[in-house]
Structures are given as C-alpha cells and as structure tokens.
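Working notes for the structure below.
Just so it is clear, A, B, C and D label the chains in written order, and each chain counts residues from 1 on its own.
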Amino acid sequence: MLPWDAEMAGQLHRETITSTLLQGNPLGDPHERPIWVYTPPGYSDADTRYPAVYVIQGFTGHLAMWANRSAYRQPFPETADAVFASGEAPGCIVVYVDAWTAYGGSQFVDSPGTGPYHSYLCDEVVPWVDARYRTLAQPASRAITGKSSGGFGAMITPMLRPDLFGALATHAGDSLYEYAYVPEFAKAVRYLRPYDGDIFRWWEDFRSRPAFSGDGDGTLLILLGCSACFSADDDGTVRLPFDPVTGELVPERWQRWLDWDPVRMVDTYADALRSQRAIWIDAGTRDEWYLDIGAQAFRAGLSRIGVPDDRVHFELFNAGHGGIDYRYPQALAWLAHRLER
Amino acid sequence: MLPWDAEMAGQLHRETITSTLLQGNPLGDPHERPIWVYTPPGYSDADTRYPAVYVIQGFTGHLAMWANRSAYRQPFPETADAVFASGEAPGCIVVYVDAWTAYGGSQFVDSPGTGPYHSYLCDEVVPWVDARYRTLAQPASRAITGKSSGGFGAMITPMLRPDLFGALATHAGDSLYEYAYVPEFAKAVRYLRPYDGDIFRWWEDFRSRPAFSGDGDGTLLILLGCSACFSADDDGTVRLPFDPVTGELVPERWQRWLDWDPVRMVDTYADALRSQRAIWIDAGTRDEWYLDIGAQAFRAGLSRIGVPDDRVHFELFNAGHGGIDYRYPQALAWLAHRLER
Amino acid sequence: MLPWDAEMAGQLHRETITSTLLQGNPLGDPHERPIWVYTPPGYSDADTRYPAVYVIQGFTGHLAMWANRSAYRQPFPETADAVFASGEAPGCIVVYVDAWTAYGGSQFVDSPGTGPYHSYLCDEVVPWVDARYRTLAQPASRAITGKSSGGFGAMITPMLRPDLFGALATHAGDSLYEYAYVPEFAKAVRYLRPYDGDIFRWWEDFRSRPAFSGDGDGTLLILLGCSACFSADDDGTVRLPFDPVTGELVPERWQRWLDWDPVRMVDTYADALRSQRAIWIDAGTRDEWYLDIGAQAFRAGLSRIGVPDDRVHFELFNAGHGGIDYRYPQALAWLAHRLER
Amino acid sequence: MLPWDAEMAGQLHRETITSTLLQGNPLGDPHERPIWVYTPPGYSDADTRYPAVYVIQGFTGHLAMWANRSAYRQPFPETADAVFASGEAPGCIVVYVDAWTAYGGSQFVDSPGTGPYHSYLCDEVVPWVDARYRTLAQPASRAITGKSSGGFGAMITPMLRPDLFGALATHAGDSLYEYAYVPEFAKAVRYLRPYDGDIFRWWEDFRSRPAFSGDGDGTLLILLGCSACFSADDDGTVRLPFDPVTGELVPERWQRWLDWDPVRMVDTYADALRSQRAIWIDAGTRDEWYLDIGAQAFRAGLSRIGVPDDRVHFELFNAGHGGIDYRYPQALAWLAHRLER
C-alpha cells in the first residue's frame, strides 16, 4: 500500500451536523460540526442494520485530524476499514464525532465553561446517526471508543447513559486524577510564574504567537481546558482547582474534578457498568500520565462491582501515551464481535 | 478560522509526475509520484510568470503529510497561501515535491541504495513544472526550502546545481554530522544488541509489527535510510558507517557520509554558494540533533567564502527540532521578496 | 585551600549519645548515636554562652556523611566554621544530630514504625547538649536547620516544641505532599509490579544485592521509610498510603501523611510559628520534588497567620534538589545574627 | 555493620608523598600528595611479600573522597578490606593514588597543560611504595584499576609501561571518544554561548561562585580538563579540540585526543597488552558516556591482537555511569587471584 493514500472497501461519509444545543456556547465555538460516518463493505447492497461504534478524540483533537497520515502507518479510518474488509470482524457503522472547543476539548461533559457536549453527543449526534443510517438503535448494539480524553469520554458516557451505550473501549483513558493531573498542577505553578499566576494572561499570550512555541503551553492548555470542563462557575467563569501561586489545592474545586474521575465513579454507576456487554481497557506501561495505573484501578473497580471477567479485555503494553493508534482497530474488532446484531 | 479546514486564496494542484529515472529503483518504490503545485492568487487572471519555490520534506515525510492538521495551527500549504493572500510577499509558485522511499527518505541524493532522487528532482521535476506552469525558469527565480533532511536537501541541491537554484532556506538542516549522527550510532549499537548487531534483522522485525512500537525504531530507521543514501555499495548493498557490535567507525564509509556534510561541502562548492541570491538559515537552540550548531557552522562557512552578509538571514530561536513549521512561511516570504521577477 | 582537608578555626567534638528512648526501637537501630558538637573560635578562651543551631539531615543521611568531600566544595562543617571564623556572623554552637534508621530516616517524628525520634531529639539530645556545652538554653537562642527531610524536620520541630526552638531554616523542605509524594506513588506502583505489589518483597531483594542497583530503589526506599514514619500501625506494622496494585490512595492512611504536611500544619501551629524569631525558607526553582512550590505555600501560610515579614527570609534560586549545600552556611549566618545572645 | 564507620581487618596507612616531578607544575597544584597504602590482614605478622594493586580515580576525584560514606554502602577501602578479610581472595597491598589537578584531573598522562602525572605515577609513586612496603616488585604482581577516567588510566598505563604493570581492571573507562566526548562538545558550544565561546571566561565565572551551580559546569569542566591533558600547547596553553562557536572539530587537536583513545591504542601497544596476565573490563549498559560500547570495542581489540580469552573478564551490567562502586571489589578479588605471588 502506498503511503500517500488508500482505497477503502467501505465508505466514509463526511457530513455536517447542526447542533441546537451548541448554539450560543460560551466559547463561541461553531454549532455546525463535521461528522464522519463510515459504512462497511456491503452496506449499500442490502438493507441489513448494523451495530454502531462511536469514536471520540483526545484533548486537542478535532475531526479533520483523523485524516492525518504518518510514515509507515495508515490513519485509523483506513485501519478500521481493514478490520471489516479483511473479514477479521463483522461490519459496523463507525461514527467519528467532533467535540473540539477553543480550549482544546470538551471532555464530553456538559459544562457552563464550554457547553453541553455530553448532551450534544447523546441527544443530538446519536439520534442524527440513527435517523440517517441503518443502525441497530439499541444499547446492546452501540459502543463508544476513544483514547486519552477520548478514553475518558468512552468510560463516562456509558456510565451516564447506559440506555444508549452498551459497550466501550478506552485506550489510556484519563483516570486516577491524582497521578494524571496533580503533577501537572505543580508544573503549571512554575509555568505561570512569568504570568504572575494568571492563566488568562498566559492564554492571551498563547493566542498572540505560534501555538506551542512556549515551553509550558501543552500543560497550561490542558489545565485551562479541563478547568473549563470540570470546575467552571455557573456563569462560565473558569476556575483552576489549585492556587496558581502556592500550588495549594482548592478543595471544593478539586473535588469537582475528582467527581469526574472514572475510577471514583465506578461505584456510583455500578448498574450502568454491569449493563455493558463489553469493556476494553488498555494503556502503555510507560504512559506519561500514569494512565496505565488508572487502567488498573478502573479494571479493579469493575471486578469489585461484579462485572463478569468475560466481558472485560484488559491489557498493558510497552508504550508511552503517544503513538498507540495501532491499538484502536484491535479494540474495534473485539467490540464488533460482541455487539448484538 | 475553523480548525477543520480553510479556504485558500491561491490554488493547490494535486498532480502526479511519472519519473523515468525512478523506474526500477532498488527499493521498489513507485516511480509515479504525487506532486502538488500551488499557484498564487491572481495566477489565472493574467499571464504573469512567477518565481518558484520548491519545498522538500524531512526524513519519514511523504507528500500527503502536508495536509495533516493539528490543533491551533494551519498546515503549511495554508500558511504559505496566507503569505501571498495577505500581501506580505509577492506571489510565487510553490512546488511540493515527494522524495519518499521505503527506508523513510532519499536525502535528495543519487544513491545506488535508494535511487537517483537528486536527478529526479533536478532533471525531471523542475522541467516538468516549468513546462506546465508559468514559472520564471532561471536560477535567480527558483528557490528550494525544507526542514531537517529537507533543509539538508535545500543546502546541497543549489550547491550541486547552481544552474537551477539561486536561493534557499534551511530550517534545522542536517549538518555537522559528528553531532547530528555520531551519538545516534552509539544508541544504535545498543538498540541492535537484541538483533546481534544485524540491522536487517531489526528491519525485518520492524516491518512485521506496528511501526515505531519498538524503542529504537526511530533511530535505527534513520541510520538505515541514511546509510542507503550515503554509504551503499555500487550494487545497492547498504553499509552502516560503523561496526554495529563495537561501535567503531568504518573510516571509508564514514568519510562518504562526511562528504555529504553541508558544512564540509562549503569550500568545494564555494562558487555555487556565492551565486545564491538569498540564503535563509535557522534552527532551534535546543535542537535534539544539535542542528543549531550545524547552522552556526554553515553560516560561518558562508562568511569564510565571501558570501555577502546581506544575502543571508541567520536566526536561532527557542525551540527543539519539532513543531517549528511556523518558521516556514517566514522564510518563504523572505525568499519571495528576493527572487527575481 | 587544598581539596583533601582543611583546618578549622573552631572545634568539632565527635561524641556519642546514649539514648534511652531509642532503646528497643522497632527497627533494631542502635540507641547509641554519634553526635558532633561544634564550638566556635574563642569558645575555650572565655565562659561566654552561645546560641545553638541544630543541624539535621535529609533522607538516607547519616551523621558520618557530613565529612564527605567533593570536588571544588568544602563539607558543611568547614563552611559553617568559615562563617564564624571570617567574622561574617557571631559564634554559635552547631549540633549535628543523627536520626538515621534502617529504612533511611526517621522524619524526626515519633512513630511506632521507627521509634521516638522526635522525643529523642527534643528530650534527650537538646538537654544532653545543654548539659555539656555553654549554650544559651532558651528557645530564643536555639535554632534548627536542615535540607529536604531535614528541612521538614526543621519546620515541624519548632511547631511542636516552640518551648525549645525559636528559629529555623528549611532548604527544600518536604511539603505540599500532593506534589512531593503523590507522583512517587505512581512510580512505585510500576516499580512494584515485578514484586506483585509487595514492598516487603522488594525490601528483601534490596537488602540482598548492592543497594540502589535496581531502578526503583530510591523511590521505593523513601516510600517505605516515610510509611514507617507516617502511617504505621500501633504495633509498628508499616502501611503504604496507597494500594500498591491499583495506585488508589487509602484515604485514612494518606490523611495521616497529610497531617504531617508542614503547609497543612501552619494554622494548627500558628502560635508556635508566630513565636519564632527567624524563619529561613529557600528551594531551587527546578526541585525534582516541587519543593519550591511547597516553600511558596509555607511562606504564604506564614503571612496568613500573621508572622511579620521581617522575621522571614524567602528565596527561590536556580537549582534542582541536589547540590545545594552551599546554601546552608548562608542560612546559618542569617540565623546566627538573629538568635538572642 | 553500622552505617557510620567500620573496623577494618587490614590497615590503611595515610601518608604523604613528596613528588619532584610535580614541582612547578603549570596549574600550581601541590607536589606533596596524600597517598593511602592498605596492607592486608596478617601483613604485620610475617615477612611475606604481596602483590600490589594501584587504585586511581575518575575525573574530579581526589584522594580524600575514598572516605566518603553513603547510605547502605561502605566505602571502597572497606569493601576492599572485606575481600581479603573474608578470604574471598588472597591478600594484596592496595595503593590509593592521588592525581587530582585544579582542572579536576590529570588523566594520568604527562601534559604541558597539567604536569607529568604519568611519570609521577610510574617513576615516583611505584618506587616509593616498593621501597616502603613489602610488595612483589614486578609487573606480574602489580595491577592497576580504576573507574571512568580512572579506568582510562588503568588501560593506558600498562600499555605504556608493561615493565611496571601486568594486570588491570577498567570500570566504564573512557574510550571510543567519538561517543564519549563528541556529544559533549556540542553541549559545550551551547553552554559557552553566554561566554562568547571563551571557556576561560566560563572558568573565571566558575571559580567565582559555588561550583556546579551553573548548568553547564560539569560538561565544561571535563572538557577544559581533558583539553589541558590532551591538547595543550608545549607552553601549557590549553586548546579545545573544537571551535567553541561553530562546533567544528580542529582536526590536529582532535587527533591528539584520538591518539589517547584506548580503543585506538590497542594495535600500537599490542605487545604490552599481550603481556598482561589479567584484564577486567566492565561497564553499565546505560552508561551516559556510552562507555559500555567503548568497553566492547576495547574487548574486541584484545581479541584482534590475540590476547587469550582466559585472561580477560568482560561484563556489561544494568547500570548507568554512576553508583557502580560495588563493582570495584569484584574486580579486585579477581585480580588478586591472578597476580603472581
């Protein structure tokens, strides 16, 4: 296969969804969003209905990045296509959802700081797809998958909406926030020293020059973005969960973050998790955010609440946080076999 | 501007060039290559001829990657378009050339290990463009630019062919090989221990699993690729410039590499360099390959041979080797002002 | 000055103290401890009484290490002597205390996991010194200083015993445990994987081979040691504050650690802190344990409780956690001027 | 054994040697040097003569540092004593030599930049020891051992003086300078930018403030010191082997360094090496200076020139460059068994 392009056996429909919920969102992000819907080989030949797998992205991801090419690897839409084209797994509809924001992401939650992205996904995107494509419109036939913040979204969305999603895959999904985020707070205190601890002064600077040309840009962007998602005031004012000068945690805000830690949510949403047919969890053993440990804790939580082992795939592999897109088609194939059809 | 896409003021023509020279190349790489030719705003309104800037890529780069999108930045074809659309610089034709090989790159040289990529660029691509687009087909109106291995290509090609190229820009271009490559040889010895020092056993392994899932993949690929470019036997057999077990340099092979060090080529090609109208050199002060030091040495070489200071732009900036694509349009604008029209 | 040795102007008395409190300590560590008492130049010429500065060590430090020499630097006992010999500050008695344990340290607290080191320091060492040397035996004339865990001890001991200590200096003292320790828990989970999460299996291994020849040795030792100090059961059983397999914090144990966080202790011990005449706080801006941020938080706490600014010296400087012994004599001189005499 | 001290079975004689050769050395370093001579258990009970093992230090090492203590490890003079006290190996005299200079070391060579340290070692120290202690004064009974620069000295000294030394041990000894030193040149160019490329301006700065409080201090000191040893002019002027602004190697100076590369010296000194009874070579597989690769190359060189395998111990082990002192007694014991007595 040439590196420049590939022919796909199925078909990728690049469409636009007009969201009502995202209108007037606090960051002024577009409410018309791109959405790609993949239909597998044979889709147009018959009137079979298919399970659907929703694919969401990590922080700073936006939909067009799925088309990015790199050396010696194919983009996921192509490797996903190959899963079905090769007969490795039965066909699914695959839905690539955009939930980007000006701060780099939405964490797929409803927040006054960013907008109602959870509701957009569940109450607008899913019905939109079901109305236009021959899906099997039931949780047992609907999965969600993602990496990093996308893995987080893939964990929490079925917890909140088991009436919609009955299977999930998380690759290095955000979890155990004391390990994933707390060290970043410490780094942020240092990065904010030149800005007198004011993250909005950094943000202004960030927008005025080439993005990511400052050393702390990556760290500060994620913290600003997650604060907008997790600890914004009702009026949308974004609040950091720590004092940016002394580093001290602000307990009530930090608790709001912890309330969104998938590991800590397991017991509250035990019924929803027990209703899932298939749960794929993996992460690299050298994940820079320690998400391998979060994966272990989430896995242990599933055991604790009684999710049967045969519904869970758990795997740690030798990798860091980056470059693990080759895992996605593996989880996709595994899910495709387990979704009801 | 939305992150997903952009409208361009000029036009990007995505074409294919059929190379005679690349037919039967030793790695079996395609001789039909994609090529993108950008024409600036106003191109189709008149019969003006334009200078042309050839853009070449770094190691592991292939043409389709110019379309890759990332958060908070636009792809170079769009930022390049903005240079002309904004009036920052007068219009140029911009030619995006593909010189990828199965080993990750060609270094834009003719080698029995990879193929005649230098000749392909100079004797096939340039005439092909001149025949199809309204270029000013003279060296004073033709520049070449690139980053990393592309910066290397942008340095050596005008040295070898001043009859074709009269201006260049190198961003963190490969140079001072003792700093850029020698430390990699040491790492390679370690990475090759599990393969008993046999880089082709590693290559076989690399091709059998997800690319870059092994720790040493990046280092070993570059060394294999550059060996194919710089120190292959006449029959195409690739030879490393060091003993893969003891690390000792193999002097005659290493000398073949050094013969391609732009810093060491300056005196030999002094006339060609003195014929250039404009030479842009930059690099990040934290470049992981120490290419900032190579940039300093190349700059000092230009002074030594008497290239006037007013033809040279030299700049070190705070960055590593990655994420510096925001520099490309700056150099493009600078060149556009200096090319004859 | 030659690198090998130095003559001191004052006198260093190397003695042994026999502790009653440390007899039968749970780790079987010696209850006879070395103690060094420095008397300044002129001490033996008159019957003047002097302030006393107690010097305690960081984790894994034991008394004999104060004699260690390195290139281009003098040991602290010599640079401390120079402070007085040069006239930079008026003479003090300097007491070098040993509080080492088999797990690397005692954190200068009373714990069923290690022994009553706080009481040993306060109720045995201090009276022992006062009985044998011409100290001014009052808190206004007694200071304590240390680095890292020694800085921690220097913060907490005057909080607990303002009747003994009226001044302190902390160099990169342990504080803000979410930044200093929590990331270490994550690392420990990984390091304990080969030991099935059992830190005592690691400890057994550690004792059976050259110390620190395993990658995780440093991290695991500190966590074992601090667990022995902060979260041991009443019977001395050491408990980690996190689940070594899933990484999840064990709230009640982790709270016991937090109860020993100097930043969190400020309000409880506000009176004791307000009674201090002089408080020196410093740390390197690149401290690997983020103790610069802890220093900022501790400093801010002092302001909050109303410690006057003129009693506090606060300074961040360009350094990591190591190699900052050149700071000690600076703090010593500053304290020497502020102790009552 | 308590961490603070140890009783030794043998005896360590701390003496001073007055060198004639070092008088008037260019750096003004003392010509009276400390020297420690260890005599094994039983030495004073009979008139047996013993083999002698000379121990030399790495860069920045000076003699008093052998007494340094650290947690969980004993100083080498104590672990060396234990080798003989335990009966693991037959007794040897162990001679701890000082060859420190103001620039951090002498590399145990004669240089107009530092002084005649090779001659001092061979023509002054050895006869001085033989005259005062009951050594077996012949090469078959005299070994030399060291780590890092000390390992380098242990390789080259027997090459130059097989009439004196008949066995050696090198732990991570300097070798394959393209890997050990060349990357440091690149770092030095960067570190010297604030000093306009003038290493003596850096040196002046270094001497005016706490040593090693600047980021590049370690790198620059070694390069200054090794330049003084390897590429000084006849009048003692120190010359760097690279242009400190452009990084370009200065071929004739760099060649002088390479002439001192043990790997490159093997063929020239083949007879001397073939005369050795025992050669121990080891290094850590993660050595920061790639000295594991140098060790492999040196080992391969011995095979090439026909040194029988049974005279060589070669071992790579999991470690970096630091903290490998636990290897020293292993080599000492191995040598002790192989020296003639």
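Everything that follows uses one rule, which is that contacts are C-beta pairs under 8 Å (C-beta built on N, C-alpha and C of every residue); 3 or more make two chains touch, one makes a residue touch a chain.
If you're wondering where the values come from, they're calculated on a predicted model, not measured in any experiment.
The minimum number of touch steps linking subunit A to subunit C comes to 1.
Of all chains, the one whose CA centroid is most distant from that of subunit B is C.
With centres taken as mean Cα positions, subunit C sits 56 Å from subunit B. Subunit A and subunit B, compared by their mean Cα positions, are separated by 36 Å. Chain contacts: subunit D has no residue touching two or more partner chains.
All chain pairs that touch, listed by label, are A-B, A-C, B-D, C-D.
Those residues of subunit A that touch subunit B in the shared complex are 2-5, 30, 34, 60-65, 67-73, 98, 100, 104, 210-213, 318-319, 323, 326. For subunit D in complex with subunit B, the touching residues are 176, 178-179, 182-183, 185-186, 189-190, 243, 245-249, 263, 285, 290, 292-294, 296-297, 300.
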